[in-house]
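Lettered A, B, C, D, E, F and G in written order, each chain numbered from 1.
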Amino acid sequence: MKIRPLGDRILVLRVKEEEKTSGGIIIPDTAKEKPQEGQVVAVGRGKTGDKGERIPMTVKAGDRILFGKYAGNEIKIDGVEHLIMHEDDILGIVE
Amino acid sequence: MKIRPLGDRILVLRVKEEEKTSGGIIIPDTAKEKPQEGQVVAVGRGKTGDKGERIPMTVKAGDRILFGKYAGNEIKIDGVEHLIMHEDDILGIVE
Amino acid sequence: MKIRPLGDRILVLRVKEEEKTSGGIIIPDTAKEKPQEGQVVAVGRGKTGDKGERIPMTVKAGDRILFGKYAGNEIKIDGVEHLIMHEDDILGIVE
Amino acid sequence: MKIRPLGDRILVLRVKEEEKTSGGIIIPDTAKEKPQEGQVVAVGRGKTGDKGERIPMTVKAGDRILFGKYAGNEIKIDGVEHLIMHEDDILGIVE
Amino acid sequence: MKIRPLGDRILVLRVKEEEKTSGGIIIPDTAKEKPQEGQVVAVGRGKTGDKGERIPMTVKAGDRILFGKYAGNEIKIDGVEHLIMHEDDILGIVE
Amino acid sequence: MKIRPLGDRILVLRVKEEEKTSGGIIIPDTAKEKPQEGQVVAVGRGKTGDKGERIPMTVKAGDRILFGKYAGNEIKIDGVEHLIMHEDDILGIVE
Amino acid sequence: MKIRPLGDRILVLRVKEEEKTSGGIIIPDTAKEKPQEGQVVAVGRGKTGDKGERIPMTVKAGDRILFGKYAGNEIKIDGVEHLIMHEDDILGIVE
């Protein structure tokens, strides 16, 4: 089953803690919201502006991203947990 | 009886849990809002912009969609439960 | 006595439950806001945009509409209960 | 003493219940906000848009209007109770 | 000491109750916010729009105005109590 | 150490109560927010508009200003207490 | 591992208290939010405007900045604590 996110939403496959690369992101022990790591599976066509024009997306499928802990809606696709979130919920891209 | 949704609203026929395709969306057991599956029955003509122009709709009748659990207003048409919601309440389209 | 709604407001004659057509809208027994049925009696000239231009109305007098339970202000005209609401409070048009 | 309302405000003389025409507006006995009847005494020059241009007013002095119960600021002018409210607080014009 | 209000702010000298003209504004005994009377001492150059242009002020020094009871910041200048408020806090001009 | 405020922010040196000129601003004894006096040390280049253009600043270094009691962030520079605040937090300029 | 902040976000390396230059910023003992000092490691390409155009960033990698105590999301990169925040969370640049 394939999901096409609507508008400026993206479909993200969350990266599990144990799968992280060594020397990668280690979450500090504070009360702050902790960023999560994931991989972009699919992106929407972009938000629609006030005049009906498309605002292009910045991220693309395959990008490895960081996002806030409480971003998006959880959804399981063919048994695998994914997230659907707005592009603005992405903090940064891991290069 | 036929309903034409107003503005950027859509009329949705909710898909019952037992009707889901195998290997389809299984809702994880968390406190997050769980997406629901449905079929678009009718769409409005689109939102009206600041200058009176129409912003075209992205979804069309027949599309299978995911939406948030608390999206829209419930309504029974000829005895069948439907939902009327804004297009922006749609998370993604099932392809 | 005749009322001309201001801006994007409409004057609506609520349809009583017992007047509904058979096979019509039956409100499900849930906690969700239940749509109500009514007939448009009069419409305003439309909202005024940022440059003073009129945004035309989508509904017209005579349209049969659905609206949220808590939409609008109640008003009796010549002894008959009506509602004045914003056009955006309309969920859909019954065709 | 004469008051010129500022921007899109209007000065309204409230119509007392006993002064209403027979067959006129009778407020139903519900918990909803009840519209009030009044006469426009003076109107402002209209709101100022983002570019300094005037958005003309829809109502004019002499119009008989309906407005929400909690709209506006009360003010007595030469001993008579008036209201100053924004034009958008007007529900409709009695014709 | 002279104060030049910034942006769309105005400097107002509040009119004391006992200084009001006979037949002037008498505040009704209700729970509503009661308008206050004052004289404009100085006005700012006007708000700055989205493109850096000035939105001209509607009131000028010397105007007698009505304003809401809780509008503005109190300030004493050379021992006399004044108020600094936004122009939009003015309800009307006394002519 | 020199600080360049970002965007439409300004750096302000607060004027201590005892340093005020005689006949200057005396704060009345009320529950209202009391304006504070200060001197502008540095100003940002101005806010960036929707199209990337600069909105020029109204105040300049050296201006003596009034601002709300709770405006801005406190910061000590070379041992002296300063404030960084948005230009819109300024109530007026002392001339 | 390298992080490219998205939109108008920046990646910041927080400056520890003991690393501050003498005569530098000393936080006063008040209840106000205290600014923090840091160094910009990477900046996003800038916010996307309503028409899809880029709003350029004001700060650049290497800039020493002040920001509010509660700004941004904490993140450790290769074992070192960083922050990702919006450019608007920056109070000023240390020159």
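The rule we apply is simple: a contact is a pair of C-beta atoms (placed from the backbone, for glycine too) under 8 Å apart; a residue touches a chain by one contact, two chains touch by 3 or more.
All values reported here derive from a predicted model rather than from experimental measurement.
Where chain E touches chain F, under half of the residue numbers in use are shared by the two copies, so each contributes mostly different positions. Chain G has its Cα centroid 22 Å from the Cα centroid of chain F.
The distance from the centre of chain C to the centre of chain F, with each centre set as the mean of the Cα atoms, comes to 51 Å.
Under the contact definition stated at the top, the residues of chain F that touch 2 or more other chains are 50.
Shown here, the protein chains touch around one cycle, each chain meeting exactly two partners.
By the touch criterion the chains form one closed ring, and its order from chain C via chain D is C, D, E, F, G, A, B. Chain D contributes residues 1-7, 9, 11, 44-45, 48, 50-52, 73-79, 81, 84 to its touches with chain E in the complex. Residue ranges on chain E touching chain D, taken from their complex, read 21, 23-28, 30, 32-35, 49-50, 53-56, 58-59, 65-66, 68, 87-88, 90-95.
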